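Order as written gives the chain letters A, B, C and D; numbering starts at 1 within each chain.
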Amino acid sequence: MKKKALLILILFSLIKVNSQDRKEFFKSPDGVFLISSDLHIHTVFSDGEVWPSIRVKEARREGLDLISLTEHLEYLSYKNDIDIKDRNRSFQISNAMLTKNEPLMIINGSEITKPMPPGHFNAVFVKDSNLLINPDGEKAMIEANKQGAFVFWNHPNWVENRDDAIARLDKLHERLLQKKLFHGIEVVNEHTYSEEALALALENNLTIMGTSDIHGLIDWTFDKEKNHHRPITFIISKNITKRSIRDALFSQKTFVWHRDMLIGKKENLLPVIDKNLTITSNGYYKKIVTIKLKNHSVVPLKLKYTGDYTFHSYGSVIEVPANDELLITVKTKEILNSIEMPFEILNIIVEPNKNLKITKTVRL
Amino acid sequence: MKKKALLILILFSLIKVNSQDRKEFFKSPDGVFLISSDLHIHTVFSDGEVWPSIRVKEARREGLDLISLTEHLEYLSYKNDIDIKDRNRSFQISNAMLTKNEPLMIINGSEITKPMPPGHFNAVFVKDSNLLINPDGEKAMIEANKQGAFVFWNHPNWVENRDDAIARLDKLHERLLQKKLFHGIEVVNEHTYSEEALALALENNLTIMGTSDIHGLIDWTFDKEKNHHRPITFIISKNITKRSIRDALFSQKTFVWHRDMLIGKKENLLPVIDKNLTITSNGYYKKIVTIKLKNHSVVPLKLKYTGDYTFHSYGSVIEVPANDELLITVKTKEILNSIEMPFEILNIIVEPNKNLKITKTVRL
Amino acid sequence: MKKKALLILILFSLIKVNSQDRKEFFKSPDGVFLISSDLHIHTVFSDGEVWPSIRVKEARREGLDLISLTEHLEYLSYKNDIDIKDRNRSFQISNAMLTKNEPLMIINGSEITKPMPPGHFNAVFVKDSNLLINPDGEKAMIEANKQGAFVFWNHPNWVENRDDAIARLDKLHERLLQKKLFHGIEVVNEHTYSEEALALALENNLTIMGTSDIHGLIDWTFDKEKNHHRPITFIISKNITKRSIRDALFSQKTFVWHRDMLIGKKENLLPVIDKNLTITSNGYYKKIVTIKLKNHSVVPLKLKYTGDYTFHSYGSVIEVPANDELLITVKTKEILNSIEMPFEILNIIVEPNKNLKITKTVRL
Amino acid sequence: MKKKALLILILFSLIKVNSQDRKEFFKSPDGVFLISSDLHIHTVFSDGEVWPSIRVKEARREGLDLISLTEHLEYLSYKNDIDIKDRNRSFQISNAMLTKNEPLMIINGSEITKPMPPGHFNAVFVKDSNLLINPDGEKAMIEANKQGAFVFWNHPNWVENRDDAIARLDKLHERLLQKKLFHGIEVVNEHTYSEEALALALENNLTIMGTSDIHGLIDWTFDKEKNHHRPITFIISKNITKRSIRDALFSQKTFVWHRDMLIGKKENLLPVIDKNLTITSNGYYKKIVTIKLKNHSVVPLKLKYTGDYTFHSYGSVIEVPANDELLITVKTKEILNSIEMPFEILNIIVEPNKNLKITKTVRL
């Protein structure tokens, strides 16, 4: 009996060590993990410019939890030099690089690459990419679904497909939706954000996705000096297991970080922001109370205070920098025990042209 | 006749050289100059910690056009060591440092320092500060007005006077207003911004003022690493002469730069922003047009686009950094010759809880 | 006749435009060009981690004039996936990317990869890499020479070959030298500098080479935050043509930039430093003269003044930062018309444990 | 008995807390404290531009242990405005600002300001500055000595006194030396370093001093962006008491930090550098050993290795940045248990044109 307790203790400490190793972009709400992912990536095995090893190293440097090297099934730039017999090679090579305890996970995936309609679709959590090769896109998607894959529509706003860059459904997409052959949609792809794709996601119960679609180098494509970074889809998962992550994707439990914006459903983002924006009192001086807003996340929070009080130094628009704090002084007129502070978060989008709203109760 | 033309040309080029020497915080709207000023400053001649020479050097380093060393008439911290016979000394010493061609100007001023009500008032453009010494604040203000001074109410939100830090008028202030004994009000003082003071300014036709009220060192008080800086009142003046600047102050032609905010009347700020935010087209690709927003000012412009189009990379909230530009791509659906782009500027306040709105026409 | 003059003028201006496009790491001494090069580079066509296109883009970003993708002939990491029928592919692919007017040039090259002795040798300016494949290293080198290639010994200090990392000649190397089968030696390879290789170069009239030997990404391998950069061999060439550059390599006209060091023969480095360190007088105050040292190069110059005067602010060791200047004040005791200023340059190595010395005459 | 032990424990922890509060510019050699000091400072009480409070705050911001506000006795710029009855006022005002537990200490001092010869002399640790006012400089120095003051010669290289800026003794100085009326000499004053003053110090057993002689603001005078800072004299004292510090000054136990240089007697600097440069092994790979050089001080250490081994990446000149470390790899030819590493430190001056040498034994 004692031995078992000891074992549990040891295991628990191991788990703790591993979870410490993961990069925390955000504090996680209780009971879930925020899995950082990029599920749209290319290498020399389709039309990318690097060997899969670079993709693993890029992901490690950024502290990602999950990637998928989703080579085009139909578009192979270097076929004269690279003899791709097995479409799982990119996954095999990258996955073999992983060490036992590292936080990074890799899942097998492919890009079904058809002319519009239907356009390009990523299938991740596939078992054998070779079987997805099919001149008929719908059949390829049926096979992907048969393998249990999570399938999402890539860059529905792609200007090469839609010359006005407005994402919209064709008849074919409506049929694919009806048959539940795809489950997600890229609202963010590389540098682009599509408000119309967000609308489609919300109207059709599609999972909101954001990906890098990287072909060259991450460092060259996303300019750190401008605070740019690769788009990351955070998957709100009960466990750090592939099974749980796949379930979360199918349940639309995601939000996307693009530039300084967060994009996702209100129900997904509200608990995350509630956890990552903590507000405490530093006490009154006369009838002015100093309030500390602390941002525990990598994303600056651009707040518009919508309550009735006024501040002693700022107007109603304030910014709490990433992983930093801001002190404000609130003129509450009387000495109070607590106040409600309602905010609109100007850089968090929950619906087309609609920002997240949150009200925090602050004990004074 | 020809000689005269030549002379005019030479003189003109001289003037141009001098105006180039001035620091341009903003591009000036046609026909006016934006005079950068700080009209509330202390030295060892009241309760400041530096000799007047440091104030001149601080102003030069920041490129200010105009300062006033406004020593307390009633509060002299070092009177045992500094024997102040003449209350104009601080002005005399600083003014004597100015060289012929430098852009910095200094005007004589004093702080009439009474308990609330009425509180503290600055009189600038005074002729002889000694004559303002009077146990009765109202009489001191009458004398200041007799000398032609511009008088403004200092920090009406001062927590030592108003324990809730809410600026409001007492009976005495109403009488002083009726008698037109003061003409401006500090909406910004050192680190504080008072929305209630802004309301008072607008309701009572008072000039909107922002000042440093500096006692220690500017560099230590306003943290450059947080992009803080001393509050600056920009005076919209027809000429760079003291007479014209004084007229502009009396005509409420000001706005204030505090942290990353601009505060002022809509009629004063709109032409300034119209000049400093230029928007041009970089051309269409398919039906997406690239638009360059250029900010010619020292203040970042935090824009909320309120029109009907959507952008290809950003949501509706964007920021054009100070003295920099931002490229956005607009999905206009059809190829157009021009568009109207309406914006709310989130960091420019024209009324309590009301931001500046501006619509720019962009030729495509 | 006139037309010809015009044509020459036009051509001259074109050449000028192009030479302006080149990045100038140093000012060139009169009559020569300093060709920046990295002649030891790998891609997925041997054991590197990127497609050749990345190597072209890396070189463009750094402003290099010349590279060679020198794949191992005998070591192919990815042969199961990449079917290399033609060993010139890496060159063909990269060379096809070049545009008409860009400054970057690419030459064909290969790494003859044998166990020690003789170890690894690069052959550049080869005509057909396929013909260099030979189990006998000496025969491979004979073929390279037959093709007119410039051949140099790679990392003679490689710890996998020499467990003490001391570069030295084996019998076989002596024979190869006697037969003049190789002409240069890497004194710098990736992160390493070998003083013993420098000695071998000087004793055996070998061209001093420094290369990145890059397999991964340049940005990840050389840490900009520590002011590291890829090693660059500067080739002192009469013209910006491949022919002239090849001649310069055979004539030992090179020096190497590694970290903050320059390494090369005195006769090559002295004219470069003489051109890039200019010293002028800002005039006397009493009997102290202010001297401006200007460094026109990308390398900081760490100077030890070895003359008899003393300085008014510094000791005898001073540093003129890269592309910057330093003001010093010299106490010349009398007012002089000119002085001789002798310096040892602590970060420029011309022989093992011997720095470059230079004396500049300064008109006062 | 137990109570006493507890009391000692508590006291010890209190002392520890206080010594932690001091800024450690260097690790202290065992048994001594390195007291950071600036003993030449001006305020509005002579010809400086700030009230004494600013000097206290400047010293606190830099973490100094000891300052003295050494007003000119004979040169009072603002005498028409500031009525200096008591020449101890500057000391009194600043000293009254100190709180019980802060590390900063202030001692009374004055500058005896005579034409050359003898020039300017600072007397610190004076009891009553008023008594030092005397038209005869020698008599003023006799009075200072009577009060137990430590007296040092200010800027003997001042170009207004010596038009060649060469420090040298006049007859009068020789007499003052013989009478032991002064005990130290400024080798560094504000921006200047005088090698000749260093020679005079060593020849005449004078304490080596470096001071800011600040009149304006420290931040404006010493440019942080160039890594400049005010000159600091480190006093090697047995205890952190004024008595012990005074003894150390009389015993020539000092060295000076000026720009990136340290200047002092070899016997004073050697133990400091021995403590602040620690060298440890990270182990062998084959016959190359990785060595970690760690610099525990605020001064970069510019080392020239003078031993027989060569390094695997660097030449013999290396720099260990301030409060940082550098890894080098040494080619020891055989696997050794320990090596001797002799260095010359190029930015530490112990005699005119002579650097500190140090040999460290490294266990491998």
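Just so it is clear, a contact is a pair of C-beta atoms (placed from the backbone, for glycine too) under 8 Å apart; a residue touches a chain by one contact, two chains touch by 3 or more.
Since we're looking at a predicted model, the values are computed, not measured.
*Asks:* Taking contact as defined at the start, I'd like the list of chains shared as neighbours by chain C and chain D.
*Replies:* Per touch definition, common to chain C and chain D: zero chains.
*Asks:* Could you tell me which chain lies farthest from chain D when each chain's centre is the average position of its Cα atoms?
*Replies:* Using the mean of the C-alpha atoms as each chain's centre, the farthest one from chain D is A.
*Asks:* Approximately how many whole Å separate the CA-defined centres of chain B and chain D?
*Replies:* Result: the chain centres lie 45 Å from each other.
*Asks:* Find the geometric centre of each of chain A and chain D from their Cα atoms only, then give the gap between the two centres in Å, rounded to an integer.
*Replies:* Taking the average C-alpha coordinate of chain A and of chain D, the gap between them is 55 Å.
*Asks:* Can you list the residues of chain A that touch 2 or more other chains?
*Replies:* Residues of chain A never touch two or more of the other chains.
*Asks:* What pairs of chains are touching here?
*Replies:* Applying the touch rule to all chain pairs gives A-B, A-C, B-D, C-D.
*Asks:* For the complex, give me every residue of chain D touching chain C.
*Replies:* Per the touch definition, chain D meets chain C at residues 157, 159, 163-166, 191-196, 259, 261, 263, 285-288, 302, 304, 310-317, 329, 331-334, 346-347, 349, 352-353.
*Asks:* Where on chain D does chain B make contact in their complex?
*Replies:* Residues of chain D touching chain B: 44-45, 48-51, 53-54, 57, 78, 81-84, 89, 93, 216-217, 219-220.
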